[in-house]
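Below are two complexes that have chain A in common, paired first with chain B and then with chain C.
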Partner chain A sequence: MMRLNAKLGWIMLLVLGLVFPFLAGNDYHLTVMSTAYIYVLATLGLNLVTGYTGQYNLAHAGFMAVGAYTVGILTVDYQVPFWIAFVLAGPVAALLGFFIGIVSLRLKGHYFSIFTLCVGYILFLVIEKWESLTHGTVGIIGIPAPSPIGPLTFDSPRALYYLVFFFLVVGLWVMHRIVSSLLGRTFMAIRNGDDLAESLGINLMRNKLLAFMLSVFYAGLAGGLYAGFVRFLGPGIAGVEHTFDMTMYMLVGGIGTLLGPVLGGLTVPWITQTLQWLQEYRFLVFGPILVLLVIFVPHGIVGSFIAWRARKAAQPHGSGHA
Partner chain B sequence: MLEVRNLGKRFGGLAAVSDVSTKIETGKVNAIIGPNGAGKTTFFNLLSGVQKPTSGQILLQGRDITGLRADQIAVLGVSRTFQTTVLFNQASVLDNLIVGHRLRTKSGLLDVLIGSSRLKREEQICRDKAHAALEFVGLEKIATRLAADISQEERKRVAFALALATDPQLVLLDEPAGGVNPEETEGLAELIRKMVANGITVCLIEHKMNMIMSLADRIMVLNYGEKIAEGTPAEIRANPAVIDAYLGSEHAGV
Partner chain C sequence: MDLFFQQVLNGLTLGGVYCLVALGLTLVYGVLHVPNFAHGAFYMAGAFVSFHLMTAWGWPYWLAMLGSAACVALLAVLAERLVFHPLRHASPLHPMIAAIGVLLFLEAAAQAIWGADFQRMQSPYTGIVDLAGVTAPVQRLLIIGAAFALVVIVHLFLTRTVTGSTIVAMAQTREGAALVGINANRVAMLTFALSGVLAAVAATLYAPINLVYPAMGHLVITKAFVIIILGGMGSVPGAIAGGLIIGLAESFGAFYVSDHYKDIIAFTLLVVILSLRPQGLFPNAAR
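Now for the complex of A and B:
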């Protein structure tokens, strides 16, 4: 019954996502939504390593930038077709993740986060200063739109919306596979505690590294989409504030849940959009809301719902089951 | 089962464990006792690979396992519990246990992505193992309860079940009866006997003398990181060095 409800919920979300372009009043809404999807995709990755595996990576936006610049540099400076460059975005980020992971994952807890904070800043600096490769602060201008695949063209906001939506759905489906499998349970055992996980025969380094690489693969993929969607890149996308934004999506929606990043990543940008009239004062409203949320709803919207439902399911339905 | 030769662990100038040699005998309840800070938990950490010894050797069934990582030692059949078991409170007891058999499975990322039949089979095996372990420790009826809602004693039993789900030959129990009441302690002692009766060798650290004296086949006494005595409960009770260091006169003699 419960499984059926969950499935129904996902199908409803899928349908909503498919019909959204017909409900949206204008292209601006489509653009806001597509951008939100791209960040949700990246947040799914962050949630895997942070929410499910317990390692808070503050360089996540840096890896997203690596994916984006992979597409930007290859298409603009080397005339590589968009899709070939795009396919490389995830693997390049994951490869870099491998080398950064084997060093940074030797550290535990806050030390890992502080280390990755530095890594993120270094990635930002490299992008900003290595002008011959990245065009520095000028940025990369004129990235080609995703080239047509057969009859599918990606020159309208609506087509781009569906393209981004497609990758979000695939990303979610794969993430669902991962977190509901033995592999996901392995990651969660590590989140619960290194010592216990290791005493259960789980190789910490190998599994943390796998989670980390998968996580930054998502970031790189999202970055590649971002490059094809926005078609302009500046070093700013590597900034740590984007990692904090994604963290906020994760916390609001529900850390360590599949739906959490989706819900957070879609509601928070719309709320900030509607608070736009407050201009820079909007964070005076948003900040306290976030603080209250972290104190009183630490598991986020989805996490709290799941906990409530699990507790209800765990209640004996009469003495026979007790 | 397990042989320890001149095992030592130094933290800078402090010798937490020094020059301990002993044997953990197959099919028996082997106990380690000693005052707080005697190095008991460090000794366990060395056996299970959580910490690396600075000197000496550990042999598991004749094979040198000194310096192996904890997960490698677990795969070789040595499982352990901790003084406090951290469970994932938002999940059911059963969900917490399924990962316990993970070390005997091989499914990786590729199996997950293609949804291989091996993954499905292994997930079923892990689930069955979790059920079997729960049944063994007598908690089958709380399988669906949230881990947050179970009692301290049930938590101890879940810790046992997790250790058992790894298919161990040797289980190291760190204060299995810490923080539970006398009747529950007796129940846990019963469970430990049941484990031994099922062919699992047990080594435990415990402070509850009545439990140890009735349960253990052999006792090793540590004090300031050194082994000061070893023998049957009766021998330990009569040992003047042990009485002096740890037991006090009320446990002396028979």
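Now for the complex of A and C:
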């Protein structure tokens, strides 16, 4: 019954996503939604390493920037076709993740987070200062739009929307396969306790590294999409405040759940849109909201719903059928 | 050789500021085991409050520093009561994210009140002293003198007074401290207040040779984290030694390696040291 409900919910979300361009009033809404999807894809990665494996990586936006700049630099400065550059975005981020992971994952808990905070700063500063490679603060301008695949062209906002949506659906499906496999259970065992996981015969370093690389692969992929979608890159996208944004999406929706980043990543940007007048002061509202959420709703929308359903099922007059 | 001593002087200036910020951060970590990301925002708030007291209300420099220390101490205690206290039994991830919430709020608040522009703080000490060929702006000497005096005062407070010892006791073992009748709430508030005072003083000392703006805490706080990781989180001598190491490394690195990349030096140092020694420079510290 529960399984069927979940499946039905996902299919409804899929249908909603497919018909959204026909419901949206204008191209601006499509752009907002596509950008939100790109960040949801990156947040899925952050959720894998933080929500499922328990390692809070504060350099996540830096890895997204690495994926984006891979596409930007290759297409603009080396005239590499978009799709070849795009295919490289995820692997480049994951390769960098391998080296950074080897060093950083030897540290535990807060130490890991603070170390990755520093890594994020290094990535940001390198992008900003290494002008011959990254164009520095000027940024990379004129990234080509995704080139046509056969009869499919990506020159309208609607086509780009479906492109981004396609990658989000694939990303979600792969993430679902990961977290419901033995590997996902392994990650959760590590989250629930390093020592216990190790005593069960789990190789901590190897699995943490795998989770980390998978997570930054998602970030790199999202970055590659971002480059092709926005077509302009500045060092700002590596800023730690983007990691903070993704943290908020993850927390609002429900940390350590598959649906959480999707719900959070879609609701928060739309709330921000309706609070346009706040602009740079939005954190006057969102800062306290983040604190209140952490204190009163630590498991987000999805986590609270699951807890509520569990409480309801535990009541004697609750549904008896399975 | 003069150039060398010039770099030593610059390094000590930076090191002094870093020591004060890192000291507050490490004390809070020692007692509450929270990496307080909002500490950089306290630093920023300290600079803005001093700036406001001096320009809008015409207070003299030292009085403004005291006023700002009191304000930020109050702010820090409020943060402890309203945010970190309710989260004391939560998983390690949640207080970290809450601290980020506080940081984002304080920065947005500063921007709303004082604007996003860069402000310059005037100091009454604009003279330059010539010390055997080394030119030393008085403000820099003042930073070095005041920072190290404050470090000594904090050290004496922690080791020679009963109130200070309660902080050390809490940092050593929570249960032990509770057993001998130490009030954990009082110590937590006291530690946050102390960290706020240190951040505000550091900001007010450093602001006249730097600029005041809402994001000014970012780099300082990240470097303070580097320092306390190197020195061992919760360790007071570690924070002081780490602060000086990073201050001198930056000043020499900026001069002999590259001024362009000077902000990366601290982080690269951390990455290199932790790659070789994951236990940090002072392995005795609890980890």
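The working rule: the second predicted complex is superposed on the first by the 304 of 322 C-alpha atoms of A that agree within 3 Å, B and C clash if a C-alpha of one lies under 4 Å from a C-alpha of the other, contacts with A are read in each partner's own complex, and residues count from 1 in each chain.
The working rule: a contact is a pair of C-beta atoms (placed from the backbone, for glycine too) under 8 Å apart; a residue touches a chain by one contact, two chains touch by 3 or more.
Bear in mind the structure is a predicted one, so any value in this text is a computation, not a measurement.
With both complexes brought onto chain A, simultaneous placement of chain B and chain C is permitted, the two fitting side by side without a clash. Of the two partner chains placed around the shared chain by superposition, neither chain B nor chain C is touched by A:P235. Contacts of A:M188 after superposition: chain B is touched, whereas chain C is not reached.
By the touch criterion stated above, A:G223 is placed in contact with neither chain B nor chain C. Of the two partner chains, chain C is the only one touched by A:F286; chain B is not.
By the touch criterion defined above, A:N203 lies against chain B but remains apart from chain C after alignment on the C-alpha atoms of chain A. When the shared chain is aligned, chain B comes close enough to touch A:H299, but chain C does not.
In the superposed model, the vertex angle chain B-chain A-chain C (Cα centres) comes to 80 degrees (nearest 10). By the touch criterion defined above, A:P269 lies against neither chain B nor chain C after alignment on the C-alpha atoms of chain A.
Of all Cα pairs linking chain B with chain C in the superposition, the shortest spans 9 Å. For chain B in complex with chain A, the touching residues are 48-50, 69-71, 74-75, 79-80, 82, 85-88, 90-92, 95, 98-100, 102-103, 105, 107-109, 111-113, 115, 119, 122-123, 126, 141, 144-146, 149, 162, 166. Those residues of chain C whose C-beta lies close enough to touch chain A in the complex are 29, 33, 35, 82-83, 86-87, 90, 92-98, 100-109, 111-112, 116, 219, 222, 225-226, 229, 233, 260-261, 263-264, 267-268, 270-271, 274-275, 278, 287.
Contacts from chain A toward chain C in the complex involve residues 50, 54, 56, 103-104, 106-111, 113-115, 117-119, 121-122, 125-126, 129, 241, 244, 247, 251, 255, 280-284, 286-291, 294-295, 298.
For chain A in complex with chain B, the residues that touch the partner chain are 174, 177-178, 181-183, 185-186, 188-189, 191-193, 195-196, 198-204, 210, 214, 299, 303, 306-307, 310-311, 313-314, 322.
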